[in-house]
Structure formats: structure tokens, C-alpha cells
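Each structure below appears as C-alpha cells.
In the two complexes that follow, subunit A is the common piece, with subunit B as its partner first and subunit C second.
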Partner chain A sequence: MSDKARASRRPRITYQVALGGLLVALILLFGAIEPVFFYPDVLFDVTSIVGEIGIMALAMTFIITTSGIDLSVGFILQLSAISFGAVFAGTGNLALAVSAAMVAGILCGFLNGLIISGTKIPPLVTTLATMSLFRGLSMILAGVNSFSGFPEGFKKISTTLLFGVVPIQFIYLIVLFLVFNLVYTRGRLGRHLKGIGFNENALIFSGIKTKRILLLIYTLSGFMAALASMVYLGRLSSAKTSMGNDLNLQVITAVVLGGTSIVGGIGSMSGTLIGVLIIGVLRKGFTLLNLSGNVFNFTLGLILIVALVIFAVLERRKALAGRTQPAAKT
Partner chain B sequence: MSGKRKVSREAILGILVVAFMAFLALTSNFDSKSGIYSMMLDVSPSIVGAIAMSMVIITGNIDISAGTILGFVAFAAGSLAELGAPAWIFIPAGILMGICLAGLNGWISVTFKVPSIVVTLAMNMVHLGFYATFLPNAGWVENLKDNFTWLGRGRFFDLVPYIFVIALLVAVLFMYIMKNTSFGKSLYAVGGNRQAAIYAGINPDRTVIKVYLVEGLLLGVAGILKATTANEIMPSAFQGREMIFISAAVVGGVSILGGGGKVLGAVFGAFLVYLLSIAMIYLGFQDYFQFSLQGIIVLIAVFVTVTDFTELRKKLRGTFTRAGRARKARA
Partner chain C sequence: MQTAHTEVSSTTVLHLEGISKSFPGVKALNNMAIELRLGEIHAVCGENGAGKSTLMKLITGVYRPDSGTMSLNGAPLVVHNPNDAYAKGIAIIFQETSLFPELTVLENIFMGHEVLRPLLGGLAFLPVLDYPTMRAQAKEIFSRLGMDLDLDARVADLGVATKQMVEIAKALSFDSSILILDEPTAALTSREVATLFDTIGKLKAHGVSMLYISHRLDEIFQIADRVTVIRDGEHVHTEDVIKVTRDQLVSWMVGRTLHNLYPKEDVEIGEVVFEARDIRQEGKLGGVDLSLRRGEILGLSGLAGSGRTELALALAGLTERDSGEILIDGKPATFRDYRGAMARGIVYISEDRQKYGLVVPMSVSENITLPLLHRISGLAGIINRGKEGTISDRYIADLSIKTPGGDFVVNNLSGGNQQKVSVAKALAMEPRILILDEPTRGVDVGAKSEIHRIICALARSGKSIIMISSDLPEILGMSDRVIVMKGGLKVGELSRAELSQEKILELAL
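Entry: the complex of A and B
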């Protein structure tokens, strides 16, 4: 049994190791072109620019493991940020504004979860539709305004540097990663998530309330998006309706690149973390090389497709070798 | 679905469209010549796009990159026309562009067994990045001349645009194809029950690739219809059209789970989506309400098509009265 388990786990570990190798190779590549990349403050800045993506990607790993998807996270982040800005501009009360952002995020996630667990509408269509809904809501809320002028104390939540070089986002990311990884690999919830991804009916028949789990993880995703919006706002210092527009794809790319199967059932939290870091390195590297955001998005889309293809090929080879079950049908 | 239903969903949709138009005509100046003309002008590309999207959705797939494919089509056709190419060159070129890009989506999705939603989502991003990075002048084509815009500007009897007639012809053609050809039937078979389709001798993978190719053809047509009505072409402005196509398809009764829906429904769906947006404008709502409205429409329409109402009624029976709840608790 243990031999078999080890054998089935081996290809997964090599994939994540290869991914780590890719990360190191990318850092070396950018460093070779632009030696300033090796400076500790530049290198650590990578973790500050992917703070918000990383926070959302952790919850997204849960969702994609259940063979679901949440396309609306970027716009939940936007709506949370706008709610924060609007309440802060209206009342000047920081605590009230933060709770407004949290409530907005949780409600959005709860709505997604309610629709996905309560009806037969697939997650992708639900979140595609709520994506437009949230986007419209934040535009209605903000109009043409953007909100800024947040207090210095608030900005500290994402501009603090520990020991002068380590951005505080790095600490957030590591702490949250440890918690999520523990739940994912050791917790009962993690096992249930993979079970839903493989065969939801089997779980229902063993008496597990899968609908409740789905409701929970989509709400969690909304909450994490609200957290991410705070971290993002601290760095950007102005809330406007253009923020978060292209974050969906970065989050999904990070998760899929990390080796979580898009058809569900298989996943890796550490892979997600490496995926997030790779995206950060690319973004920082592209900025240093003076390449525009469009080039970055183009590359990101290509990476997502290549990652999907590589992972699908690996899965098929594994399935052919008879070591694991083929991934669940979509 | 149930035997009780006598009036088809499409008939109801048709009545709704007519009623909606009558309502708009009574409450606003929608029935003026320019109102009718701009409706036909705006709804024609949506009709063709909605048919394309419906066929893909019927096989149980989706194409999020449809909007950005339109951008490529418009760019290809527009820039050829700018170089002085006549219609018999730029129209096939645009259509070929659509076929290639949509076919690529289908090929990747089928060959590597990756869900089409993720592939096309990524493609959406690749396309947008491509416009800005590689196309000259980010794909902007300005100063379109008569050799291109005659198609979009021309009208019969000074009222009916050429492109509206083209859209209707496409609709009739595809109503026939979906109903009477083996290709049309195989789409329903693959989307409805993949395993059964295999037993019936249909190759689902090939069918899906085929449907993407046909979708690309139709997107090519839709892109040219849309581009020829404009003065200039900005490819990135086409992003978001896919939501209109998807809304039109699901409002028209195409089941998002695959296997159900009709072309006629999608056509009426395209009309309804346009009329709703026009109604919003007449009612004085700001532009950005459209985003929210679109999301809500898709959710409601999908909910209605996906839910089994007889089962829901059974489940809900007695929930709202005290006696019913007591009976339920006993059972």
C-alpha cells in the first residue's frame, strides 16, 4: 500500500520540483539580462507585487480541486475595494470601511456559493454571470470617482518592510499558505474537496454534505478576495473601477501552473505557491525590461495554455501507466 | 419536455419580442425610422454570433474568446480593404481568420482534453495581448472607405440594411442545418449524451472540432457585418461581445449543459438582449448598469433552462404552508 501510494505520488513531486527549477531558471535568466534583479530588495519585491494574487490563489486551489472555477474573484476584489473607498470617503471611519469591504467580499462569495450549490448551473457560467454583475455593481457604486487619501496607518499593512527588505506580503503569504496547506493535505476538508473533484456522487452517498462544502469554499474565496483587496489597496493607495480587471486570469494561471488539475481531484498547494512566485518573477522581470502589461498578459495566456497541455499529457501518461485513476470526466 | 406543453418555447419568445417592440414603440420614439434601422443594424452581428455560440454550447462547450476573434476578423478584413482589396478578397480573408482561430481553440481543447472554458479564457488574453504587442498601431484601422463600408451602410428600400438580410439568411440556413442534417443532429447527440453518441457511431472529438470550425466561419461573418458598419476598427473594443452572444443563446433557451436549444431561439434571444439594453437607455439608466443586467439575465435564463421544474415543485410542495410543513415533517 505504501509503495503504491509512493509510486502514485512520485510524478506529482517531480512536476513540482520541475516547477521550482523553472522558477530558479527564470530568476537566473532575468538576473543575467538585468543584474539589478539579484539585489535582495528587487528580488523580494516580487512577493509584494503578487501578494493579492497569492491570497486569492490559495482559495482558488480549493475551488479548482472540486472541478469548479471562480471567474469572479478579480471583480469581488474590485467591489470590496470600492466599498472600502466609498465607506471611508463617506464616514472617515477606518474600521467601518474595512468591515464594509469584508462584508461585500463575503456576500459576493456567498452568492456564488448559493447559486452553485443550490442550482444545477455550472460554476463557470455562474461566476461568468456574477462577474458582470459585480463589475456593474462597483461601477454603479463608484460612478466615475476613484477613492484615495487613505491614512498612513492603513497603508502600512502592505508597505511595511521587515529587516528593511522583506515585504510584509511575504509573511502573509507564508502564514496563509501554511494554514491552507495543512487543511488541504492533512484536514478532512481537503480530502473531501479532492473527493468532490473525482466523484461527487460517491461523497453524497457516503453521507457527506457536499453542497455545504461548496457553499463554504466559494464564500471563503469571496472572503480571501476581500482580504486581497485590502493588501492591494495598501499598495496602490487608490480604489478605482479598473483595478482587479485582469487578476482572474493570473490567479487561475498560478493554480493551474502549480499542478492542480482543471478537471478536479488532483492538486497541490505548494505548486500554487510556486506558480504565484513564477508569475511575480515574470511581472517584475518584464517591468525591469520595460515590456508593457500587454506583453505580460499575452505571455501569461500562453503559459496557461502550455501548462494545461503539459499537465493533460502528463495525466494521460500516468493514466496509461495504470498508476492512478484517470481524471474525472468533465 | 413534458407532454403538456403545447406552445413551443420559441413561439413564446417570439411573442415576447413583438410585445417588447410594441411596448417600446408606444412609450418612446423607437418606432421611428432611425430606431428600427439602428436596431436592425445592431442586432445583425449579434444574430450570427448568437447562432455560432449556440452551436458550440449545444455540444457542451463554450467560447469565451469569441469577442476577441471578432477583433482579429475585423482587423484582417479592414486592413485588406484599406489596401484596396475588393469584397471577394476581404470577406473570405476575414472568414478564414475566424475559422483558423476558432479551430485552434477546438483543436487544443479536444486533443489535450482540456475544458474549452479555460482554453478560450486563456486565448482571450492571448488575443488581447497580441493586438497590442504585434499588430501595427495596436490593430487600429482608420479611414475605412466605400469599398469596405458599402456592405454595412447599404440598405434595401432605404430601410433594411444589407447585413440584416444576410443575418436572416444565415439564420434560415442554420435552422435547416441544425434540424435536417446529420451534422446538426450529431451536435445535439454529443452535447446531450456523449456515451450514447459514441454508440450511435458519432466521433465526439471530431464533431467538437467541426463545430468550432463552423463557429469560426460564423464569427468571421459576424465580424465582417459588425466591422463594415463602423468608421474605424479597434480590435480590443470587440472584447465583451461574447457575453452578448452567450446571453442571447441562453435567453433563447439553449441549455448551458449542452444538448438542447434551437437556432430560432437564439435569434429571438439576440433581439431580446438588444431590446433590453435599449429599454435601459430609454429608462435613463447609465451605461454601466448594462454589466449588472447582463449578469442577472444570464443567471435567470440559465436557471430556467437548467432547472427541472416538476422536480422543484415536488420538492417545494408544502414548504410555504404550515400544514404542508407538518406533513413533510411526518413523512
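Entry: the complex of A and C
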């Protein structure tokens, strides 16, 4: 490896490290204000409350790397949860209910993928439309009802604590992260995703079926949202149509904050993980400090804007310095 | 056609001295100097990567020099950005036009500096576009250019050459006194080139000073007054064009004497390996037949828009054909897309390497292995980096791609080296039939002859090549056989013995 190539990559690594620093600083800050934050069970609870968004953010990183976006994930999660609740209420069969949730998620993602890969309609508009579609469908299915009374065994998928403090979501997140990170940094798919983000034409002219890849990742996003809905339901123990309403923004903020470029090509799975944890720390911290959900939403919007502006300025600086974009590897 | 070589004025309009500019790892310009005089056409030539583009970007404010001085009409010149350059009367015409295809000629010319008038007398805060004034100004500019153009035509409906005229008119609408033309003829047919030169002559007569960048040496002799040669970011020579010879110019550019530009060697031509019958595509191809033998270089000539690229895309399965048959080794081939064509050994290298050929922000090795990742990754889809490195290192060495390493970003390489990466990527797929679309477009003399040598070596090793080119000397020098196209049809086929520039042009026009 040449020094030049290494040098062109160094800034990206420092960004992720800086983000890690921010995470630690936030923990210290909340701990200083409210020492209870340092209790292991409180601290680890962060990973339990971000279980859902973490799972969805991994797939979202794939999508944003291709310069796409999926605004519908929160509502796919909702529809999956409602499907689960309705089927369980109707049949009492847990396996059937889980299958229903999974099928619902996969179908929703497949629909997104079909429209995005088959037409030239931008992902932003497509998923904005399907978002309303999925949301409307769960409303029709559930009405004002909420579904609850799920078996204890099912709740264990989200309430189990390892060694008495570590939520099982932490393990889910780490295992899924390792798989996604490997595919992203070392896999053929990861390489293709970055290529699509930079220049889809060049991939088509390399004989790569980019439409198929897009169909795959939006379907995957739907599947991950269904998975996330299970983890979420296990924790909340009732399925209702208010679930998932706020999750889109959290997922996208985590990914963008993590350093994945909204214009595509560049990204970082570890950045996404840190971004997810930062959002979890904020949520937990704000709850401890009795700050309202509105303050949290405000902060989230602020973070997203600041992250976008910082990246836009960095890109501009680079362009002015006469340099080109850094190597696509992370 | 305009013949220049008139007396050069002694008034200096633009003067650059001691200019240096470095990028991380590359010294693009070193103590560069150039002097542009009033009303002269000053050609700038040099190999790709010599620093021409960087020089132009300094003049137009895209970059700032690290050191050195620039002056305009005797006063120090600092250009903050391209708009600032426009304001100072310096305009650049790029190879690819920067016009808005959906807007009209008039709207394009005044984009960004529209003439406004108050909606109602005295209501200056409610300005609207003043079309009559803009129309009159545009008419005046075109009459200066000696052209009559429909100002309300949509730019998308115009030909490449006309678009370029619009671009020049746009530059003139800023009252530009200095015009930089960057490879303006790259995409033009010879007839269009004549019109362009005519326009350039008229501009010169109006006292516009021009920097003219071109790889085509003939053009320099045709229109330029003086020529500056750059090599490795340094000023080599500035001389009156009448005082230099072609060979001299080439040797200044490459620092050595190039003897044979077209090293075509005779190789044994084998059996027919590829055959296309009656390839049709609605509105593009009207039934084309073609056959290709082992070791053969088949030239595909014709004007831009004659269906050459369309044919190539159809043969490679990159576009769908309405009807027609493709045979490989005499047996019908049934592939339906490019992936299928690649599996049968057909590879296409696009004429537009930035748009279709390469992912320029990615590294050299990532680009070379892009189409064959499935071969170097396991069942789980994880890329074997060792194999990846071996493959890319091999082709970097084979094609002598000048890069600090396989993981260097393609964007930072010169045009010629980028083209070689494009070729390397194709070769890594180990094709039997290679379709090269304008393989040396925008590539300097040195890299050009290297690419020609590579093509010859491929033919010698038994590969079959279809080479599309607008460069007639290249077609004449390299091809065993030439097919001439016009209007989506094959209008002629010439063997090497029958080849001549006149015959090809006669068929193509």
C-alpha cells in the first residue's frame, strides 16, 4: 500500500474515532449530571432501547451507500408488528404469527425494491409513498385495537439479561453488526453497493446486475424491519399503530451521523453502530433528566442537520483543495 | 477554412510566470510560464498528465497556484472561482458542453446573467426577464460569429458542433476577451471542425485571444499562431507555429522521438469466431451484418451518430436488439445481456471512461476486478484480497499503468492511465472478442501509441478486436479490415489493401 493511498484514507478513520469520543463524552456528561447513569444496568439498558433502530440501521447503511434511502422502515416495522398481533390474536399460534410478521416485512421491502429498481422513480419519493401505504394498511388492519397477551416465552427474546445486566439486544446487535460489517468492507456486495453509489452506469457496463442488487437490499431492509419489530414487541408486549412512528428519523440520523455519505459511495458500518449508540445514550440520558420526547426530537433533527452540513462542507473543502474523493474503502 | 499564421501582436494580455501547483503526492506544475498575446491563437500541447488541465483550472479559478504570479493586461490577476473568471473576461469551453439540454439556445446563453427589466415602469423591485434585449444581443453575437441559429431551439435537439457554438456565444455574451478551448474538436466530425475553425478565425479577427488545447497536431498547424509545449508540469518550448515541424513538436511533448505511431504488425488471421447477422434496432440499426476472425482487428468507421456505438452495444448485449442473430464459433449464441456476453468472451470498452468505463472515485485495483469479483470471492461473497492484488498488480505491470499502487484512486491518474485501467479491466476478464470504442480519445501521443501496441499484442495473442474510431489515421494504421457505417447501416467494407482516407470519407459522408 502506498503512503498516498493510506493518507487519503486517514481522515475517515479519525472521523469514526472522533465519533467514538463523542459517545464517551456524552456518557460522561450524563453521568456527571445524574450519577445513576453509570450504573451498569442503566448504561447497558441503552443497548436494549436501540435494539430496533440498530437492526434497521445496518440495512439502511447498505441503502444509503447506494445513494438511496428508505423512509418506510418505521412503518414496515409497524405493519409487521400489527400482522404479528392480528395473526396471534386470531390463531394463538406463535410460529404462524412470527411468519406473518416476517412475510409482511419482506413483501413491503420487496415492493419498495421492485418500484425503485424497475422504474427511475427516486427512492425518496417511492418510500415516501409506500410509507403512507404501509401505515394506512396497519390502521385498516388494527383500527384502534392493540394486540397484547403474548406468551412469556416470546417476550424473552427481548427481555433476557445476560449476567444479569447485559440485554440480549446487545448480542443481537453485535452479531448482526459483525456480519454486515464483513459484507460491507470485505464482501462483493459491499463493493457493488459503493460502486452503485458512485457510478451505477460503470457497474452496468461491468456486467453487474445493479437492479437485482437494489431489489435485494430494499427487500433486506424490509426483512430487517420485521426482525426489529419482533425485538421491539418482545419489549413493549403490545402491538399498536403508534409503534415505529418516530423510528425512521432515528435510523437515518444514526447512519448519516456515522459517516455514510447521503450522496452515496462512502460509508462506514462501525460509524453506524456508534451513531446508533449515541442516539441510545441521548434517549436514555434525556429520560433520566426528565426531558420530554419533544426535546429529544428537536435534538435529533439538530444532529442530522449538523452532520449533513459538516459533510457538505468537508466535501467542498476537498473539492477546493483540488483533491478528489477519498478511496471508497473504509 | 481559416489559415492563420499572421503576424502576432506584441501586446501581452495574460501572463503567467513561475507557477507551481502540487496535489498530495503529485507536482502538477513546476515553475510554469505562459504568455498570451492580444488576438493570437496560442496552442497548448503536451501528453496527458503534463499539466494542461491544471494550468487551465488555475487560469479559470478552479484552483489557486501554490506560487508564481498571474497578470491580466499588466495588472496582477487573482481569480477566486470560475464565475469570477467570467467576470474578468476569461471563459473556458470544455470538451463536454455544460449547457442545459431542456432550455432554449437563448435561455442557455444568458443563464446566470439574464437581462432584467422592471415589470412596470418604476417598479424596479419586480424585475422580469427582458427577452427582446437578450434576443437582440444574442442575434448580434451570432452575426459576429457569422451564424444564423434559431434562438428558440431546444439545446437537446442540436448537434454537438452547434452546441459548441452556443457555448462560445455564451462566453461572448460575457464580453470575454480570453477564450480557452479545451479539446474542442474531440467529438466533432471533420465538417464540423471546419465550421468551428471558421468561427475561431472570426473571433480572432475581433481581437479575442485564445488558448487552444488539442491532441490533434494537424489542427495546431492549421489554426494556431504560436504553440507552447508542456511536459511533466514544466514549460518546454514556446515557438511560432510556422517555425516548428510536426516531428519536433512530438519530440518536445514526449521528450523522445516517436517513430512509428501505428505499430500494426501482420498477424496470422484465423477462422471466423464471431458473426452478427441482420442486427436491427428500431430507429438506430437497420440490419447490419458483420464477421470477425481470430487475430483480426476490424475497424468500425463512420461519422458520429452513424450507429457505430449502437451496433457495439447491441453486439455486447448491453442494449436489446429487435431482431438479428449472433454466432460464436459458428453456433448461435443465446446470451440476452452483457453478463451473458461476457461469459461467452465478449467485452466492450466504452468511449466514455468517466461515465461508463470506470468508477473513478474507487481504486485502480477495485476497478480492474469489478467485473470479476464473483471469480475471486468465496461462497459467502467475501473477496479474496490476495487474489485481487495479484490480478490488479499483474495488469498494472502488463500495461505499465503509472500509479503509485493498486489502491490509488483512479480519479487522480492522468487520462491516458485511466484509459489503460479501462483496458486492464477488460483484459482481466480474459475476453476472446474485444470491442473498443474510441480507445484513444482524449489520450496523449505517448499513451496513444502504447495503447496501439497493446491492441496489436492482443491481436497477436489470438484475440479478435472490433475498434471503433473517429480518428482516421488510427483506423487506417491499425485495421486489417474496415466497415464503414452511415445512418445505422453498413455502407461499405474495405480490406487493408483497399484502405484510404478518401475511400472511407466517401462512404461515410
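FYI, the second predicted complex is superposed on the first by the 317 of 330 C-alpha atoms of A that agree within 3 Å, B and C clash if a C-alpha of one lies under 4 Å from a C-alpha of the other, contacts with A are read in each partner's own complex, and residues count from 1 in each chain.
Just so we're on the same page, contacts are C-beta pairs under 8 Å (C-beta built on N, C-alpha and C of every residue); 3 or more make two chains touch, one makes a residue touch a chain.
Since the model is a prediction, treat every value here as computed from it, not as a measurement.
When the shared chain is aligned, subunit B comes close enough to touch A:120, but subunit C does not. Of the two partner chains, neither subunit B nor subunit C is touched by A:60. Shared-chain residue A:312: touches subunit B; no touch with subunit C. In the overlay built on the shared chain, the residue A:199 is in contact with subunit C alone; subunit B does not reach it. For subunit A, the partner with contacts to more residues, out of subunit B and subunit C, is B.
Residue contacts after overlaying the shared chain place A:274 against neither subunit B nor subunit C.
Touch criterion met: A:209 reaches subunit C, while subunit B stays clear of it.
Once both structures are placed on chain A, no subunit A residue is touched by subunit B and, in the other complex, by subunit C.
Touching subunit A in their complex are the following residues of subunit C: 21, 23-25, 57, 62-63, 318, 337-339, 341-342, 348, 350, 355-363, 366, 370-371, 373-374, 377, 380-383, 385, 404-405, 407-409, 411-412, 425. Within the complex formed with subunit A, the subunit B residues making contact are 62, 64, 108, 112-115, 117-119, 121-126, 128-133, 243, 246, 250, 256-257, 286, 288-296, 298-299, 302-303, 306-307. Contacts from subunit A toward subunit B in the complex involve residues 69, 71, 115, 119-122, 124-126, 128-137, 139-140, 246, 249, 252-253, 256, 262-263, 292, 294-302, 304-305, 308-309, 312-313, 316, 330.
Residues of subunit A that touch subunit C in their complex: 1-5, 7-8, 182-183, 186-189, 191-192, 194-195, 198-199, 201-209, 265, 322-329.
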